[in-house]
Amino acid sequence: MKLEYNPRYPSVESLRRKAKKRIPRFAFDYLDGGCNEEVNLQKNTSEIREIELLPQYLKKHSYSDLKTQLFGHIYNSPFGIAPIGLQGLIWPNSPEILAKGAFNHNIPFILSTVSTSTIERVSEITEGQAWFQLYHPAENSLRDQIIKRASQHCPVLVILTDVPTFGYRNKEIKNGLAMPPRMTLHNVLQILGKPNWALKTLINGQPSFKILQPYMQKGMNMHHLGLFMNEAFNGRLDEDKISAIREMWKGKLVLKGIVNEIDVQKSIQIGIDGIIVSNHGGRQLDAGQSSIHSLINIVEKYKGKIKIMVDSGLRSGTDIARTLAVGAEFAFLGRTFMYGTAALGEEGADHTIRILQRQLKQVMDQLCCEKIEDLPKCLIK
Amino acid sequence: MKLEYNPRYPSVESLRRKAKKRIPRFAFDYLDGGCNEEVNLQKNTSEIREIELLPQYLKKHSYSDLKTQLFGHIYNSPFGIAPIGLQGLIWPNSPEILAKGAFNHNIPFILSTVSTSTIERVSEITEGQAWFQLYHPAENSLRDQIIKRASQHCPVLVILTDVPTFGYRNKEIKNGLAMPPRMTLHNVLQILGKPNWALKTLINGQPSFKILQPYMQKGMNMHHLGLFMNEAFNGRLDEDKISAIREMWKGKLVLKGIVNEIDVQKSIQIGIDGIIVSNHGGRQLDAGQSSIHSLINIVEKYKGKIKIMVDSGLRSGTDIARTLAVGAEFAFLGRTFMYGTAALGEEGADHTIRILQRQLKQVMDQLCCEKIEDLPKCLIK
Amino acid sequence: MKLEYNPRYPSVESLRRKAKKRIPRFAFDYLDGGCNEEVNLQKNTSEIREIELLPQYLKKHSYSDLKTQLFGHIYNSPFGIAPIGLQGLIWPNSPEILAKGAFNHNIPFILSTVSTSTIERVSEITEGQAWFQLYHPAENSLRDQIIKRASQHCPVLVILTDVPTFGYRNKEIKNGLAMPPRMTLHNVLQILGKPNWALKTLINGQPSFKILQPYMQKGMNMHHLGLFMNEAFNGRLDEDKISAIREMWKGKLVLKGIVNEIDVQKSIQIGIDGIIVSNHGGRQLDAGQSSIHSLINIVEKYKGKIKIMVDSGLRSGTDIARTLAVGAEFAFLGRTFMYGTAALGEEGADHTIRILQRQLKQVMDQLCCEKIEDLPKCLIK
Amino acid sequence: MKLEYNPRYPSVESLRRKAKKRIPRFAFDYLDGGCNEEVNLQKNTSEIREIELLPQYLKKHSYSDLKTQLFGHIYNSPFGIAPIGLQGLIWPNSPEILAKGAFNHNIPFILSTVSTSTIERVSEITEGQAWFQLYHPAENSLRDQIIKRASQHCPVLVILTDVPTFGYRNKEIKNGLAMPPRMTLHNVLQILGKPNWALKTLINGQPSFKILQPYMQKGMNMHHLGLFMNEAFNGRLDEDKISAIREMWKGKLVLKGIVNEIDVQKSIQIGIDGIIVSNHGGRQLDAGQSSIHSLINIVEKYKGKIKIMVDSGLRSGTDIARTLAVGAEFAFLGRTFMYGTAALGEEGADHTIRILQRQLKQVMDQLCCEKIEDLPKCLIK
């Protein structure tokens, strides 16, 4: 097997361990943790591993092709990079590192509303291919301004639906990463222990919500920032709000966080193009189902009626194969790519994409799947 | 998320760990342990976490209201504070701390017969809102005297039904907390290691069974106290004893510890107002079911015929939501509040109530439940 | 709860831990271990704990009576002491300690053919109440001589059926406790680390197969002893051998180790009085079922047709209640009593019987069972 | 139990632990590890242990005979030695050690195409009884030359079907054992820590692909070797390729790695003599089923239509009994024998065969199985 990547980090778990060593504890906790007792977080990864696939060996098979058509674009792989808020805090400049990696490998990168890079900059890096994920603001005027900017740069708009409230995350509350953020002595000591991260952060400047900056008062300190965030993003979605955006947005429109059948039906009625079945990586509702179980339920009834994608709990190319075999048409990974970037910096995106591709391709070769669409035939029920 | 509580203890587990550091080992063992091999204790917490709830996001939702009507009173939250015997031993003055907290937040506090505070004092603190839990004495005359006092102060009488015998608790037997209590050298050494606890205990005086004091001989030493307890509370309940109390008690009458259908039917026949499905926190019958499984069985057949509440195994607002979704109409937590009080002293009750409220409200926002009664619609079966 | 036993050892696990500290490693391994990968050993204890019982509280209940009639004798408790080979090696003189304890508490003690005490001595201690367990010899003449002696002293003969071969026990092979035993330097060093055990053993003399001595050549060394054992007890049982003993033996006849329905049917046809469902404590067939699962199967079809007892995997009074609720009519425990004796020496038998009684009685009080026969009504199916 | 082997290593796990101490880490990782997250590896061993067997004791039974007829040869035991690539790297000269052991005990030894010993040498040692396993080359001419040599020496040809790609094995990639192999400083340090292994390797010379040497350029360094391997063995099988070999090969023909029913049907149509149900020891498809589950499925529909053997996840004689009871007609073990050889060197093969035989025989004695074919009657369903 010819390697085109650093062989010291062949798995996502090896990247995770390295990331843990490289970044301050509060940043790792933020990236790694789930909400409440982390029941949902654990179910996400353990239940996806119960999915089994059946290989086939006595059959001609020229090549496993990872290419996947989605919303009129042919991507090189059936997976993309999901956003993580405050990404630049975890590793300096990580949104741009990841956007570049995604563009080079022709896979989708989704930019977060609360990103530390601007829409315009990321659009430039990705030659207009980046998707934009809207964290829906309380005020329609702010929403409209953000959507307008996104519409000039992004072919796909993803609306985040599963954050009517902030998740209750023990580690973030303890570390002061909840809103408003607190810079505690504890956190400062953690930073001093990670000089590599500290230096990079110094060079890149303190991360800030670049996309939102035009709408914030100048010179806000951390406390006021928290208050602004609390106010600006307080509220939840409903059919009317989604319909209004559907009217406004000419490109493809995707809802993320959908796991309830009623919400799927509404999405179809409103004319949404796709949904991302997700539980926000186990960070919002600790009593929720694992994403793979939600996916199984929804695919059974709605496949073909709306584009069904998935997110949450995937940590490998094998997991990507599992979700596609269950019936998802595209998979997104968030933490996985941030582990890679926190572990390997500039090379992290490229490395992580390569190992996921290789892992997925290896599974498809075993299953004798020439195309991504062949995977569901291999699911053991 | 605006915090109104100490962010260092966002979860019950963080309070439990702090409590373990603050109080002597024998007191922590008493609070934390279950009976026999602790099989029931483990099932309680693990099986409740298997309950899953389905969120809904595309729907208007103004506010998640925790208010719950119970026995003619509108409480601020659908949960209350269950009693723990010898509370004052675990943390000095804890019954009063908890009663005050409950009153301030308008949630029910249940005072134990074997409490270290008097009915009169707790009634004063709670302006007559505290419930009283009767540990049924062997002698009717003692019972009548206690009930008479309770009737002057408490709107609700809870009769503890699941203690026909003392639980067989390995740690308590070993530590000498069984009746009669033994003050071993081992225990004394443990106390010396916890100066904070020791000082508070010194200031508050040795905890004693304040409610029972009028009926005990003066100057009883620990050994005689044990003999008194053994004799005074030896025996079990039956329909006749319950019926007699029903005649006597004009307020609401609740039976706690009911898990058998036959007992539910008898309760209905006798005219009991409500039951608390409970296995005494895994402290009485190690071969028993988890409380959540008992609840599922009983709710299915008796919901609407008698008020069904629950207790045992709940450690979070998420767990409260799980039990209410299964069909309970109110939830009680005992250990959870004592972890809080042992960890944070005077502030413990307020803190623990706040985090449970916030956790529960966050779950309801995710589920799009405006009222407590909406929760059962969200249960994934 | 008035204690009549050492409160430092309230559970079998606490006795096991103490035993581990008191006796040489090879002796503890022999006592504690199972065969092969110990899969069966683990299933025995974990699957019995899955059995759940339903308490009842609103019912008159005068007293939980542990008395149980078995083979015309009324025992004080529904459990007895199962034999363990080489008992005297684990703790000096343990067969007599256990026989005495059993007699004092009026519960059955079963003496092993390979015991380190004689039938006559144990019969004297128990005033003729001890049962005898026949490890069936290869030669009929030896069998006849042993049975003849047993018939003069024991009301019940138990035939061990599940040892057509020695179990494959990794720890025993490694420690040289397999036949022939090896006294390795390793074992000697272990003995030196346990002076208490060594001294007792010195006082009591090297343990030997007292019952078999008359049939062995004098002055056999350990090597020749092994060869003798291998030859003398090589072979397996069949209907004819059992029928022959049935003819010979006027008392009650029990087969131990029966788990296969065909074997149960044959036992009934031959006129056997009872069977002990057992997998030899997980020491014979690692691929076998847990004893509780075997019991469930056999009770369903054969209860009432033959006396059904159980053994293997029980470690508490709660476990005894579980097996009786499933349908066993009597329970035996082997390791449990040896943990007690190895931990507490002379007091071990009395202590262990007392804690099991108290644990069982406490469960029955919770379940509102006045008699042992009431337990099956409490099984949750 | 008379031992004819070193009693310090009665179980495969004890050999595994010893092997871990004796050989360099990279070699142990290669032997011990599975692919990707090792989900399949874990399922293999845990799910096989869920299979339960029912003993029978009251029945005449003269002797448990392990002899098994397979492809016209009567083997002494129903198990054989599966190949492991690069065996000589794990322990010097291990293919010859294992071939000798297999021959002495009259059980099949399968020689790997990528073995470090030649076909001719192994055939000489086994007097023509060794089987040959073809790792199918990309080029037909290379295939034909290898098959021609094998046909002159081996009665059975096994075609490896489950390697259309190299497995994605984290530890091997990290250790540089992937193709092309890298000799890292890390690996060198590991070697220095294992002088025994290093000395043996020095004496035996650097291991190389002896069978393939005639087809490789002389003086290839490790890098070029890797490139050769990648090219020479790139590609997958199909019906045509298998049919072509079927035409060519006059002896018995077996396909290894078959788990898909479609592949079984094709095998029958092509005239294949037997299949080995296997998942390559959990080293190829992490999302695959455990081998025991694959076996259960295939035996149910195809038993009697083609010879069904099994491999992967077996670690004991008990496991062999489990697979035969499920319905396999012969079992192969790979890692198990290499643990033995790495632990005990020259004596490893003999020792491992003996303990497996003894374990299996002991199980059959308990089950009262006189012949291997009796095992399926003992399966508990």
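Annotations for the structure displayed:
By written order: A, B, C and D. Residues from 1 in each chain.
Following the convention adopted for this analysis, a contact is a pair of C-beta atoms (placed from the backbone, for glycine too) under 8 Å apart; a residue touches a chain by one contact, two chains touch by 3 or more.
These numbers come from a predicted model, not from an experiment.
Listing every chain that touches chain A and chain D alike gives an empty result.
Among the other chains, A has the CA centre that is most remote from the centre of chain C. Counting the residue numbers used at the interface between chain C and chain D, under half appear in both copies, so the two copies meet with largely different residues.
In terms of their C-alpha centroids, the spacing between chain A and chain C amounts to 59 Å.
Chain C has its Cα centroid 42 Å from the Cα centroid of chain B. In chain A, no position touches at least two other chains. Chain contacts in this assembly form a single closed ring in which each chain touches exactly two others. For chain D in complex with chain C, the residues that touch the partner chain are 1-3, 7-8, 10-11, 13-14, 49, 51-61, 315-318, 321-322, 358-359, 361-363, 365-368, 380. Chain B contributes residues 36-37, 39, 161-162, 164-168, 170, 173-174, 176, 178-179, 182, 230, 236-240, 242, 255, 257-260, 262-263, 266-267, 284-289 to its touches with chain C in the complex.
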